[in-house]
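Following are the structures in question.
There are two complexes below, and they share subunit A, which is joined by subunit B in the first and by subunit C in the second.
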Partner chain A sequence: MLTLADHILDIAENSVRAGAKLIQIFIEEDSINDLLTLEITDDGHGMAKDVLQKALDPFYTTKTVRRVGLGLPLLRDAAERSGGVFQVNSEENCGTTVKATFGLRHLDRQPLGAIINIIIILIISNSDIDFFYKHRHNDRQFEMDTREIRKEIEDVPINHPEIIKYIRGAMEEGLQDIEPEA
Partner chain B sequence: MAKITIDDLKKIKEKVHKEMSLRDGDRRVKVTVHMGTCGIASGAKEVMDTLLEEIEAAKVQDVVVTTSGCMGLCSREPLVTVEVLNAEPIKYEYVNPNKMRQIFKRHILAGEIQTPFVLAKGSEVLK
Partner chain C sequence: MNIEAIGAALGLEVKCGRESLGKNVTGGYTGDLLSDVMGNAKEGYIWITRQVHQNIVAVASLKELAGIILINACEPARETLEKAEAEKIPILVSDLPAFELSGRIYNLLTSGS
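Right, the complex of A and B next:
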């Protein structure tokens, strides 16, 4: 994993597999406290307490095709490498929240990467799931909510090329306005 | 440039509505990019970006793109499965943006299976 965007895509794919209907991605850059917070919340089927405890073990996975599960441990390592902390909260049948903090200016913090591309990939390949993206940089904030877009476009599929072009344009513009440091 | 607003969506919707009545949105090909931790780490995101660019450039409407998780062959990632309607799925291994472009142009559009990149024919059976 080279960028934080890679991690976000990876964690969001977990949410997709957990049958989520809404995935919220929240990024907050706080220059004053030198902190970058990444939070991914879903309303999927969640994990029971004993599974949650094992989820951070690289040799635990719910899949049967291989014996390792590296997604969460890799994110935890990336957060801790830059002086941050990592936390997973989950409740069975309610959903899961993955939260990681990073040292914003820490040398070992991975760059944010192509965040717009991964949001587009998530929307295109999971057109039945809603995504809410919020990016805050100190006092400036950008939001993108596919539920609002869906309301406007009615029967046009959200993964229609014209709609995707709109989302990409809106995100590029919005992110330009908040000037992310990451 | 003028700000992109929610009103633009209404215009897009009307435009798309007009176009939709002209053609049927049947899908002919389904392309799956495997996006497990292993796939993402080995470059599936770039492969996906390339595929989306190519689809947009070629202006094709009958190709559906989706993602899936890891299928246990992490060492051969990035993997891409191409399913042409009424044909057996083809799995490509070690895909990169250049191979993806070739697969798109030769296989997805022209129907020629790109044998040198093929890992297997058929769909995986999950235990």
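Right, the complex of A and C next:
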């Protein structure tokens, strides 16, 4: 986990395993308050209180191939290491929201990393799930919503190479416009 | 011992900052937590790390480190190389993991004394 994008992939994969139909990823860079906020919300099956407690324990996992699950504890560590806070809200049969804040200019804040590649990987490997990506940098904002794209492309699959190429291009251009600091 | 000699002894690949390879290495520090390196590395040290982001160049420059060695054959990011070239900070790459690389460099630096 060298970058925030690595964390985003990991948390979003939890959402996929939780049966989410929509995964929302929000990144907000606030230069004035020196704050970076990352929020991932899904409409998956959520967790009961006791399960949520366990999810924050590094020796707990829902996977059977590995004995420990480190996704949430590692994100918490990354946030706290840069002077931020970490919070998970979950409701059974409703969904889960993971929120982490970071010191935007803190030396130990991990760089954003290859966020476009991560979003593309998520879309390609989960073509039945919708993704809403919103990235705000002070007063500028970029959005990518596969629900909107699906309306335009009608019955062409979202993971068709041409559509993926279009999404990648739109994200490259959109992120260039908001000039992320992270 | 300078960085060039360390690089030659361990078969390291020089990525940038060739004009500074003659800098004398006074010691070393191994770590991936930038604030820890800021706090504990000293001027003239060689820094062994897995981080490839351009922030490593800022730390090396501020602390006047002799150079940076990336472990596990990691590729530095493009911006990292550009910044390092501008700051005249050598970046070298090793195939070894941090534990082994640190041990070998420690031996090189202490064998003469």
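Here is the rule we use: the second predicted complex is superposed on the first by the 182 of 182 C-alpha atoms of A that agree within 3 Å, B and C clash if a C-alpha of one lies under 4 Å from a C-alpha of the other, contacts with A are read in each partner's own complex, and residues count from 1 in each chain.
Definition applied: contacts are C-beta pairs under 8 Å (C-beta built on N, C-alpha and C of every residue); 3 or more make two chains touch, one makes a residue touch a chain.
What you see is a predicted model, and the numbers here were worked out from it, not measured in a lab.
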According to the contact criterion defined above, which of subunit B and subunit C contacts more residues of subunit A? B
Once the structures are superposed on A, label A:Pro111 by its partner contacts, choosing first (subunit B), second (subunit C), both or neither. second
After the superposition on A, what does A:Asp50 contact: first (subunit B), second (subunit C), both or neither? neither
Scan A:Ile120 for contacts with subunit B and subunit C and give back first, second, both or neither. first
Look at A:Asp128 in the shared chain and tell me whether it touches subunit B only, subunit C only, both, or neither; answer first, second, both or neither. neither
Common interface positions of subunit A, toward subunit B and toward subunit C: none
What residues on subunit A touch subunit C, complex-wise? 2, 81, 107-108, 111
Show me the residue ranges of subunit B that touch subunit A in the complex, using the header's touch definition. 3-4, 6, 8-10, 12-13, 15-17, 20, 33, 35-38, 40-41, 45, 48-49, 52, 55-56, 61, 65-67, 69-72, 74, 126-127
What does subunit A use to touch subunit B in their complex? 1, 5-6, 9-10, 13, 16-17, 63-66, 69-71, 74, 114, 117-118, 120-121, 124-126, 148-149, 152-154, 156, 160-163, 166, 169-170, 173
Any idea which subunit C residues touch subunit A in the complex? 33-35, 38, 50-53, 55, 59
